[in-house]
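Can you keep this structure in mind? I'll have questions shortly.
Going by the order they are written in, the chains are A, B, C and D; count residues from 1 in each one.
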Amino acid sequence: MLEIDHVTKRFGGLVAVDDVAFRITEREIVGIFGPNGSGKTTLMNVIAGVFPATRGEVRWKGRALGGLRTDEVAACGVVKTFQNPQLFRELTVAENVRVAGHLLLKSELGAARVRTILPSAFRTAAARKIDARVAAVLEMTQLEAQSRELAGSLSYGGEKMLGVAMALMCAPSMLLLDEPGSGLSHDELDRLSDVLRRLRGQGMTLCVIDHRVGFLGALADRAIVLYHGSKIAEGTPSQVLSQRAVIEAYLGDAHVA
Amino acid sequence: MRVLLLVLCGAVALVPALTANNVVLSVLTFTFILGILAVSFNLIYGITGQLTLFHAAAFGVGAYATHLSMAHWSISFWLGTAFALGCVAVVSLLLGIVCFRFRLKEFYFAVVTLAFAEMIRLGVMNWHSLTNGSLGINFSLKPSVWLPGAGALVIEGPVRWYYFSLACVVVVVLAYQLVVNSWIGNAFKAIRLNEDVAASLGLNAFRYKLLSFVLGSMGASFAGGLYSHYMGFVDPHLLDINQSLAILSMALIGGTGSVAAPVVGALVVTALPHLIDLNAEWRLLIYGLILIFTILLMPQGIVGSLRRLRKHA
Amino acid sequence: MRKSLLNFLASAALSFGLAGPVVAQEAIKIGQIEAQTGPSSYLGFMATQGAKLAVHQINQAGGVEVGGKKYPIDLDSPDTQGSPQQGLIQLKKMLEQDHRKYILGPTLSNVFNGVREYTRGYDGKLLMFAPATAAHPELGKPGYGFLLRPVVFDTAPEGFGTYMVEMLRSKGAKKVAILMQNDAFGRFVVDIYKDSFAKAGIEIQTHWFEASTKDYSAVLARIAAWKPDYLFPGYTDAALYDIVQQATQLGLTKFWLVRGSLGPAIRNKASIDEYIAYMPKYFEEAEKTDPKVAKFIKDYKDFFKVKDFPYDLAPLLQMASYDHVFMLAEAMKRAGSINDVAAVKKELLSMTYDGLWVQKFDSVGGGIHSYEIAEVRRGGAIKTTLVKPGSK
Amino acid sequence: MMQLIAGQLINGIIVGSLYGIIALAVSLTSGITGVVNFALGAFMLVGAYLTWHLNETYSVAFPFAVILVMGVVALIGLVADVLLFRHTRNNLINGLIVSIGLVSVIVALVHMTWTSTPQNMQPFVTGVFTVGGVVVPKMKLLMGVVLILIVSMTYLGLTRTWMGRAAYAYAQNPEAAALMGVATGRLQVGVAAFGAALCGLAGSMYATLYSLTPDIGALYMLKGVEGALLAGIGSVIGALFGGMLIGVAEGLGSVFLPLAFNDAYGLLMLVLVLLFRPAGLFGGR
């Protein structure tokens, strides 16, 4: 479904991602692990079209994503969240999610959405659809309680969750999550893994990166470990974690998992 | 709140009945017309976050295009307006494509739009055969509207102009309100608040910035047509840089937070010179102080601040 | 928001209702719409000063005696800032709210163009002394009966223009380069003079500049390459100071102009050869010879509490608004009414007023007045020729 | 023709250096306070009138007048910054509007003090150099030299002294400088005053060449902004160069094309540069 075909990304002299190749098939949760600075986020940005790959290409359902802008990639159904959450802080939680409903409306109504500008039965119908969706997403991400608060006033965990919620509002077929777990408290982590589990239940493909296996160990079908920009291991989390290279890469940090 | 709103509407609607004073009427008529200008500017700046200094040019080009098309092809005001809207739409589309393709932001966008505005102004100043250059053009053509019962009604005299301009500003504000309340408005806000997130959510920032810029400029064009026909006169002063700055201060004084607020700013800027009955230098001084204190003491503008008070109260 | 708006409307209505100095019943109400700040505002600025002084003096003397009754003059002179919009609103206030029948100004053509559509409705109920060049073509046209143009120096055929061009030809000028500000006044001047030059068989080359221009060396170099006999620069003093100084540096030393003071010539007296300027009055000279002028200068200094008299700008006929107030008062005396506009106008057109200037109007309200032509030579020697009305 | 072009090349560079010094003020202040301060134009206006006033009324010799003026204007700039612009740090629009307000306050004061009567100062140095048919007024040449000197001294000051390096670093990259522990507050006030002083100097120089009216500030401010953007915010020598480019563009422009479009030639070049080098010619960021 998503093919990473020998992607390399250079920033001047520095090789951030070095000839990484793997594929993600439908309905699976892939965890990409690696210590800080191992090129995870860069790889994710390449996939999301934030910047182009220096070599190799990313294919989505056989179509090359190279050269597409972020919004175009997102329109294809591959949506990413930000490592440290980026939100519309001046808007309420609900508004944030509603704004994110942009793509949904587009895919559902196409050109007809112009008709929703003028007040009409059509408009109310469309609005109801979106509202329903917003409610569903808030419910799923357990944010209903704060839906009326300003996004800026949320806790760090809440912000991250809202980031996920907004991504979900785009009805993506694949979700790229950039360190969703980092900096979360214990019950926030539980909340998150609960959400991810439910998403998997709904058959969404997930690609999650984290600097350590942590809570994902239980969740991911497959784990890929990056180190200094290149892939050093691939397999089920447990397999991967037992590999010598990985343990070295983490300098004994691995037993935390 | 609702009550106040109704009272206000009543008051505004009844002004001609309350006072036959043509000075008040013309100040308010100018307020409504310039209100359209400020509101349309605010769509681009306040809602979408793009500081355009092209607005005076759009205003002036609209004024000239409306009149010239009416004069040369002897068409009605409304056809002329349509033509002007077309012209300004095309011009702003091209300019917008250039600016946004090259990702010009904030001050850079402001200066480049200013540069184009200045070039257009110089063009108008020197294309004597078409615009009569700095002499401007005087004319007595007037718009006319068809009213059920009254039939075709020529807009002339203080009272008719008052209601006409009032109707226009209401229509424009409502139109923009519809857009801003729709998914398009959400896109505009998203771009202003955080362009990166907007993009990551699959929102084509380029397209929506362009849309906002064109829609706003068209509003300015309409205002230009009205303004010139109220004065019976067009000249290159309409495209002046200071005009753009005046528009900006209208928006800021009124408040950039909502669609309609700039109309209040337009009222302040239009009425102030005639309220402060002082000699020239003092008035200039006071105008400056008012600008400074509006910004330092109530950055959300009059409307924004009042909203705030109500929230806290 | 709503509240503030209401308050604003209220206060606005209120202040519009009560605005304007409160004066005794039955005053002669004169309004003046001039730009006192902003670009090329110095003309309007001088005009308002002239009017203020005249009104002050008349009121000091107890007002104008018409039909055995003395009326004070109430003058309102707001600042248009050169904006047609503000000019229009101010004029509406004067005519409709304060019921002023006599308007001085505007001098700026764009302001006049902004208000003309409105004023036409007041034909017969209004007298407007508009020096604006844009007003000239309308003199005597139907619907413009309210219009008087006290200043005609810039209009070649009727005014002294023909005389000036003739004089230039007699000096053997074959080529004249025009360097004119690209605004309403400049456009009028060039349109008018290019015909007179053509008639006189003088070849011209015209260059326009924006009011903001400060450095003319590029265009002056081009002009110098064309080797004209005279440079015809226009028209604000600010521009003239720069043009004359920079022109002489490039070897262009002969100037001929229809508006502008002698200041630039005096400033560069070491480097110019000839500087011919239209001079409504050469005050420095007249102060010595004409007691009336001496008194005026003294009064001006006292009233505005300034050490030195603006010799540079006073000559610009704007100062004549001083005379116009007296002339108007005189006309009212003769007409025996302060409100009968028609009668007052009739008197104005028939009389000759001998104030700082000898002034009268032609049949359509175009001003005719004495003026001097000053020729400044290298070293600063000034020769002036007085031209009385009618003498051609 | 060659003479014409050569002449305007030189003239453009000199006139441009006047734009350049204001561009430098704009570049520094906006780089460090995050606000494009339009009042800088008004400071120049004050500088010009003060110079003329001191020279004409109190017959203070021009060089001393210049120094005096720079001091006074710097003070004005400092006060303005402490009273107003301290509250609009890094808020471009608010800063812009406040500065526009301040401009009309200052212009009003100038009107009150000196009226709108155009003034013209006795030239400090008269006469011209003529080299191969190219005419250059001595005063202009002097001005060019002075301004170039001042800019180079500024550059040295900014790269050699501690305060300077801090300012420079900050203008180039605020975050980094802040991390380096630059005393931001004092720095910003200092630079605001210095920028004002530069504009005061520009005013003095202007006064010796051109006539004075209360509306010159806005014009030169605009040229300054053009120059600063052309060079890229935060580049010192660049700012001067940017100003000169504008000057040359205008000079050569009105050799081949109508003078009426004078202002457009500089703008056109600016637009082209910004489109293809958004950070300006010398802009690092």
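In the analysis below, a residue touches a chain if its C-beta (ideal position, glycine included) is under 8 Å from a C-beta of that chain, and two chains touch if they have at least 3 such contacts.
This is a predicted model, so every value here is computed, not measured.
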{"item": "Chain closest to the assembly centre - both centres taken as Cα means", "value": "B"}
{"item": "Between B-D and B-C, the pair joined by more C-beta contacts", "value": "B-C"}
{"item": "For subunit A paired with subunit D, centre-to-centre distance based on mean C-alpha positions, whole Å", "value": "50"}
{"item": "Geometric centre distance via CA averages, subunit C-subunit A, whole Å", "value": "74"}
{"item": "Euclidean distance of C-alpha centroids - subunit B vs subunit C, Å", "value": "35"}
{"item": "Between subunit D and subunit B, distance of the C-alpha-averaged centres to the nearest whole Å", "value": "33"}
{"item": "Per-residue overlap in subunit B, given as positions that touch at least 2 other chains", "value": "122, 125-126, 280-281, 284"}
{"item": "Residues of subunit C engaged with two or more neighbouring chains", "value": "36-37, 182, 208, 210"}
{"item": "Chain-level touch network, classified as line, ring, star, complete or other", "value": "other"}
{"item": "Touching pairs among all chains present in the structure", "value": "A-B, B-C, B-D, C-D"}
{"item": "Subunit B - residues contacting subunit D, complex", "value": "51, 98, 102-104, 106-108, 111-112, 115-116, 118-119, 122, 125-126, 241, 245, 248-249, 252, 280-282, 284-285, 287-292, 294-296, 299"}
{"item": "Parts of subunit B lying in touch with subunit C, wherever the complex brings them together", "value": "1, 4-5, 7-8, 11-12, 15, 18-19, 21-24, 26-27, 30, 122, 125-126, 133-136, 138, 140, 231-233, 235, 237, 255, 261, 264, 267-268, 270-271, 273-275, 277, 279-281, 283-284, 302-303, 306-307"}
{"item": "Residue numbers on subunit D that touch subunit C, as the complex places them", "value": "4, 7-8, 11, 15, 107-108, 111, 115-118, 120, 122-123, 126, 128, 135, 137, 209-216, 219, 250-255, 258-260, 262-263"}
{"item": "Of subunit A, residues touching subunit B in the complex", "value": "48, 69-72, 74-75, 79-82, 86-91, 98-103, 105-106, 113, 116-119, 166-167, 169-170"}
{"item": "Contact set on subunit B toward subunit A in their complex", "value": "178-179, 182-184, 186-187, 189-190, 193-194, 196-205"}
